[in-house]
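So the structure is just underneath, and the comments pick up after that.
Each chain gets a letter, A, B, C, D, E and F, in the order it is written, and its residues are counted from 1.
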Amino acid sequence: MFYHDRRLQYKVRVDKPNPAFAKMLQQAIGGIEGEIRVCLQYLFQAWGNRGPVKYKNMLLETGTEEIGHIEMLATAVALNLEGATTSLKDQIVGANPVVGAVMGGMDPRHFLSTGLAAMAADSNGVPFNGSWVVATGNIAADMIANVNAESSGRVLATRLWEATDDPGMKDMLSFLIARDTMHQNQWLAVIEELGGLKQQFPIPNSFPQNEEVQGFNYSFVTTNIYKDQEAFGRWAEGPSMDGKGTFQMVPGEPLGDIPILPPPAPEGHAQTEQMTGAAGGGIVDKIKDAL
Amino acid sequence: MFYHDRRLQYKVRVDKPNPAFAKMLQQAIGGIEGEIRVCLQYLFQAWGNRGPVKYKNMLLETGTEEIGHIEMLATAVALNLEGATTSLKDQIVGANPVVGAVMGGMDPRHFLSTGLAAMAADSNGVPFNGSWVVATGNIAADMIANVNAESSGRVLATRLWEATDDPGMKDMLSFLIARDTMHQNQWLAVIEELGGLKQQFPIPNSFPQNEEVQGFNYSFVTTNIYKDQEAFGRWAEGPSMDGKGTFQMVPGEPLGDIPILPPPAPEGHAQTEQMTGAAGGGIVDKIKDAL
Amino acid sequence: MFYHDRRLQYKVRVDKPNPAFAKMLQQAIGGIEGEIRVCLQYLFQAWGNRGPVKYKNMLLETGTEEIGHIEMLATAVALNLEGATTSLKDQIVGANPVVGAVMGGMDPRHFLSTGLAAMAADSNGVPFNGSWVVATGNIAADMIANVNAESSGRVLATRLWEATDDPGMKDMLSFLIARDTMHQNQWLAVIEELGGLKQQFPIPNSFPQNEEVQGFNYSFVTTNIYKDQEAFGRWAEGPSMDGKGTFQMVPGEPLGDIPILPPPAPEGHAQTEQMTGAAGGGIVDKIKDAL
Amino acid sequence: MFYHDRRLQYKVRVDKPNPAFAKMLQQAIGGIEGEIRVCLQYLFQAWGNRGPVKYKNMLLETGTEEIGHIEMLATAVALNLEGATTSLKDQIVGANPVVGAVMGGMDPRHFLSTGLAAMAADSNGVPFNGSWVVATGNIAADMIANVNAESSGRVLATRLWEATDDPGMKDMLSFLIARDTMHQNQWLAVIEELGGLKQQFPIPNSFPQNEEVQGFNYSFVTTNIYKDQEAFGRWAEGPSMDGKGTFQMVPGEPLGDIPILPPPAPEGHAQTEQMTGAAGGGIVDKIKDAL
Amino acid sequence: MFYHDRRLQYKVRVDKPNPAFAKMLQQAIGGIEGEIRVCLQYLFQAWGNRGPVKYKNMLLETGTEEIGHIEMLATAVALNLEGATTSLKDQIVGANPVVGAVMGGMDPRHFLSTGLAAMAADSNGVPFNGSWVVATGNIAADMIANVNAESSGRVLATRLWEATDDPGMKDMLSFLIARDTMHQNQWLAVIEELGGLKQQFPIPNSFPQNEEVQGFNYSFVTTNIYKDQEAFGRWAEGPSMDGKGTFQMVPGEPLGDIPILPPPAPEGHAQTEQMTGAAGGGIVDKIKDAL
Amino acid sequence: MFYHDRRLQYKVRVDKPNPAFAKMLQQAIGGIEGEIRVCLQYLFQAWGNRGPVKYKNMLLETGTEEIGHIEMLATAVALNLEGATTSLKDQIVGANPVVGAVMGGMDPRHFLSTGLAAMAADSNGVPFNGSWVVATGNIAADMIANVNAESSGRVLATRLWEATDDPGMKDMLSFLIARDTMHQNQWLAVIEELGGLKQQFPIPNSFPQNEEVQGFNYSFVTTNIYKDQEAFGRWAEGPSMDGKGTFQMVPGEPLGDIPILPPPAPEGHAQTEQMTGAAGGGIVDKIKDAL
């Protein structure tokens, strides 16, 4: 179960409110790279954890910390919206294009739907979507999903940091960027503790690799038909990263047949011509429809 | 631009059609772990690629290969639906509970909406969602996103492999599992080629780390108040995985103030009592509303 | 900021695991009546709160409690999924229709995507959607939204209680039902503290009612043209519930004109006939297109 | 079944077309607080109504009226978009920043997708979502859902009223605000007719309250660990609003155990280390993983 | 504005309630081929209509009729759910596999969320989505969109007709199928009235075709590289259907360059190696990265 | 399976980058009228094709071509975003309203989430949705769905063409408009090859029309109660477009009863008053609740 302290994990200060920046901050709240996603992702991973309990414990810790990050960002959005209504009205009624230019980036729902506060949505007002919460039940797959979330999340945070010169906002973002640094390292540490990349990959490592179709598990398939250059790189030669094979490059080629489905079932009510094979007209004898 | 060969990349054979398995296969087509997602993800990463062209080339190759995987799975769904209508009718009209038991897992839209063919949706019929296509413009973040997609994708494929005893389906899945092995390795190879985890982390590695709030970028913050055990682990001591810091464990504590927002703007039409501070009734003198 | 205790707020016990019930419990986690919604709704209301701080404090308390309810339900889902894989395989491979009948209601993603754990989705696997998080910035509108959430939530919980005879599950649901009772009362208590329904309605009470078009704010408009009976009721006579008007019933009738829009702008590329007025053919002289 | 009159329920006039205001009006059409939602909500409640027929009749009436409100707003959007294309082109080609400033708030799909007309979407272009249509089958829960919809809807309408100084638009909104006043009262009138809040709460009132876990149904649970002030209020003392209990404040404390799930099922292909308990490395002896 | 008659447009009778069929009927209510979609589509087309008023009038008529079709189907769903709860309980508690087999196809939300009534969702419980409402402002494009909706809608209705042997349901569906026949014809009649396919195509017919890149507007581009057969057909020879060109078949070939984007902007925080061109390792001299 | 050539199908050149136009182009990528939709729609139709193989072949060809159109547009978006970051910063920090005016239309995620590249989303940032991929299994219904997609797509492309004066962008759009012309004709050609509209309609043509409720399949039902004019037109008189009936106009009238549902099931926990019929208060004797 959960508790709270009314104080924030880190200070949130806005020196010069900016509704357009409030809109941008929403990406870090309700976007796919945002804090609601990581919060729920870590918590659902914890709650569904099977296997060593220590990972459940750790996930619960960081998931709980992330609730406080949503809180910080939601506070930052609200503070950036101070004074927005006056400007918004100027914009809408067209009286002041200079103000309008600044306000142009405001999310209208920040006024209309929330009365100058944050939403569970991204910077375009697209609602948070639960499908982003990845919890596979495989600890390594989950750790990679978490590194992914923290990587795109830290990229986002540095871009937000670049997009503002408000000292308070830069300070808050510098804190969140620092936490993302830690969290990227933290999920990688689990991989290491479990034996490292070579032991953990390919994920899942519990599937017997001799059941894989051999010859394709360490081959780079090239589909390029413009032969000016090859897609050479580390992925096309040398030992594979999991230490269990050797990379090679092979040209793509079809190993399967042309897939032909049986005619439609009558109760599915395709067109009569589909079921009778009566399709085709004046040029039908040009067609070789058989395989 | 793109070309096709009417033959499949690998053979798709269904020995005993099973509509319930057709439904499960949809997860590998239109689910967040599925092939539409990786296909579009690699292609969008290629199309938006900035920096060394070799990565664009490689992404284009694998993105193109993945179209063929959607094709294989869509074919497998259609073949598994053969004969489904007869059984479905039995189920709906209630004449044959034994058949109904098998059919119970069928997606009704496989009959109603597609006439026994695949959809761009997951195993619950939830449509594919473009938000899953991650392409950040940061090559390391994108590679991790790709390892994530291939990890959860391979976990899914092995579970599908476990859920069937149809030899044709097991063979097709063994091919897809092999390709996932390659692709996990492939994306990790880019990280290595760029200098390895230590050079690439934290992502993005172009942000000056001295701008981070120091003291928080390598600290595990514990929020646990039940003191029976600590969340010890590799993430709480020793050098950080990026080689740039030392892990430590610190108790969570608030460094920020209690956030208090100014009163609502009049044109936002909050309740009158919110604007006048008139809230509260008989027990209001118990309340110390000031900080 | 937030803390946690690894123990649950209330005990969660499953005596006889049932994957179909696991699927049903998902509605209480990720459905519109579910706990993720109320959790985020109360927290976002708290974080965006303007006006008396006491309501922010209270919302923060209950929002924090709700995180623990998601945790309880996620645990219940995982426990109900114990043993599901064996049965699932029987179902898919068609060997055992009796088991299949019971398993028929299982969510395939509970195996495929999570490895026997909960998701941030409803009982049909439709992901949680952030649009459900209502926080208007108007304290009375928010309290009603909360009563709404707790009412449909308690209805759901009682239906889940009816759908199981597992003593552990019934006990857990009896706890959640009790909390919903409290929370319904709690939000109504704010309305009372603020002066009661008559003072708070119509919401928002800060809009000057003399700006409303008079004659329509307390009139029940009937659109029924089948005159066998009238829609009489408390809403059609007597004083209005807000004490500011008198209900009356009036027949619906158009007070506006037929809306006719100007022709399309050329750069919008409607059909030529739309822009030239050349539409219509042999029977066009029957048409009186003017108003 | 349904009929129409080509004239509008109330006059819609736009004196000075404003594409940015057209965008804002979309919130009242296709947003969660909008008219499509209430229209479908009342109609689905009517169509699914069980119990006294009089409520079905009434819901059908108001649901039908709401169709006409969508019509009024869609007309208002189209009229506000008059002249938008010329300005839009100036904006896009960058010739006229002053015009661009005003146009900055235009929804691009109002030109691109509809040719200057309304969409079934909110003010950010997010499509209307059927999940918002609440019809629980419990008359009291539904009435509260309706008061909720009309409360947030009226808050929205008053904000739109503030955001424009177009006399025609202000007039139309004053009509819609009046109707929202009536509808809030109307749904409350049903609660009163059914015996009032005390008889109807807690919702559902048909669940035997002795089945609730006693001691929690009228207790405010505090999760606050920062002891500067208590969350006192009407909800923490005195008789409960439903008249069936007495409010008290209790500290949050865990009554459940630490939830530990069994190891993963083999066919779910978690990592090998999860199934063998082999996780952990050099510092594993610090870990007390048992409860 | 709109009116209603409490009686249905056509009789709805269910002889033998079947919850699984109730679930299937949802596709016709809230699916992309369903009645909410056509209802809103025709109404939004009417409300946004520009050009000859007669089409607005007609669209308003049929849009209004469709509300009554949603009503009929919602009633049919509710009637099919009669008796479902008893069976559902049997299913969930596992007492009766035969009943469970029949109930297996029930939508759990039909009990949990609506209390045995219809939802604004499809047969998988996926909510209706406003993006399906197509109203382009181009009368011909809209008519084709309407033929599309009625075609897939009639296919759906005939499949539902096949899936039941309940006389009442078959009768209701026969009525809806008849209406779909009319509506398909109706939208085609507008095309004819406007001059027929040749005058209306290509849509929009107001764009000057000499602005098209010539040589590509009537050419079938083949991307097939497996030369066993050509994709001959009516589309590859003879006059085009709009009478304005002649079909020909041409091989696909690239007319554009390899697209190379400039390096990332520094404030976007790509990896350092992307900005410095330092990517690549031991085999980098094999790479010819220039075009 | 699929192959690619690194060169584009047609040249993509941006003379003057414009981030606001980049945002508009997104509609042609990830909108309902966009290229991801047609690409997947044709491919899924091909993969699920039953009946004459020639149509599968053809669909595969054009679906493959469309991948290259997404590629062209994604490239165009990236090129239009060149230089956007500098301007964006000016906008956000408010230093330069003139630049801000131009930038006002930029999608913030083009910087925040992609680092100046395209997304799988529409011009409002709403993600691509797999529900738009229509593949019914009925060849005629699918062809009409395709004409629909290409019609609204070509309308969109001509509007984009109008919204820019960049010569490179106009050229690229002229190519895409030309391809849309071809594709509209192409799908109509299938209808003709199959015998033409009269043979193919009503869709599906395999349903026995004598099973339709006669008298309603060629009747225009008028719901208009404002008798100033009739909705005369081609759809109200003369032979039907499928040649199988004669249009007539009939007034709407109810043929069904008032639908009354049985009382709620006890385990659904409606309010007690719904189940006992105890609803209604002081004016209940005015109510004639029976039919």
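Annotations
We take it that a residue touches a chain if its C-beta (ideal position, glycine included) is under 8 Å from a C-beta of that chain, and two chains touch if they have at least 3 such contacts.
To keep track of the chains, here are their UniProt names: A, B, C, D, E, F = Catalase.
It should be emphasised that the depicted structure is a prediction, and the values quoted were computed from it without experimental measurement.
Under the contact definition, chain A (Catalase) and chain F (Catalase) share the contacting chains B, C, D, E.
Residue numbering shows that chain D (Catalase) and chain E (Catalase) use the same positions for more than half of their mutual interface. Note that among the pairs A-F, D-E or B-F, A-F reproduces the A-D interface, with over half of its contact pairs the same by residue number.
Per-chain Cα centroids separate chain B (Catalase) from chain C (Catalase) by 26 Å. Across the assembly, chain E (Catalase) contributes 1-9, 32-33, 47-48, 50, 54, 57, 60-61, 64-65, 71, 75, 78, 85, 89, 97-98, 100-101, 104-105, 111, 113, 115-117, 124-127, 129, 131, 136-138, 140, 152, 155, 158-159, 162-163, 192-193, 203-204, 207, 223-226, 228-229, 232-234, 252, 254, 256, 259, 261-262, 264, 267-270, 280-281, 287 as residues in contact with two or more other chains.
Interface residues of chain B (Catalase) facing chain A (Catalase) in the complex, by the touch rule stated above, are 3, 5-12, 32-33, 54-55, 57-58, 60-62, 64-65, 71-72, 75, 78-79, 82, 84-86, 89, 111, 115-117, 126, 129, 131-132, 134, 136-138, 140-141, 144-145, 147-148, 151-152, 154-155, 158, 161, 171, 174-175, 177-182, 184-186, 188-190, 192-193, 197, 201-204, 207, 209, 211-225, 229, 231-235, 240-242, 245, 247, 252, 254-259, 261-262, 264-265, 267-270. Residues of chain B (Catalase) that touch chain E (Catalase) in their complex: 1-7, 47-56, 85, 88-89, 91-94, 97-98, 100-101, 104-109, 111-113, 115, 121, 124-127, 137-140, 192-195, 200, 203-207. Listed in rising order, the residues of chain B (Catalase) touching chain C (Catalase) in the complex are 18, 20-21, 23-24, 27, 31-33, 97-98, 100-102, 104-105, 122-126, 152, 155-156, 159-160, 162-165, 223-226, 228, 252, 254, 256, 259-264, 266, 268-275, 277, 279-281, 287, 289. Taken together, the chain E (Catalase) residues at the contact with chain D (Catalase) in this complex read 1-9, 30, 36, 40, 43-44, 47-48, 50, 57, 60-61, 64-65, 67-68, 70-71, 74-75, 78, 113-121, 127-131, 133, 135-138. For chain F (Catalase) in complex with chain C (Catalase), the touching residues are 155, 158-159, 162-163, 225-226, 228-230, 232-234, 237, 254, 267-269, 280-283, 286-288, 291.
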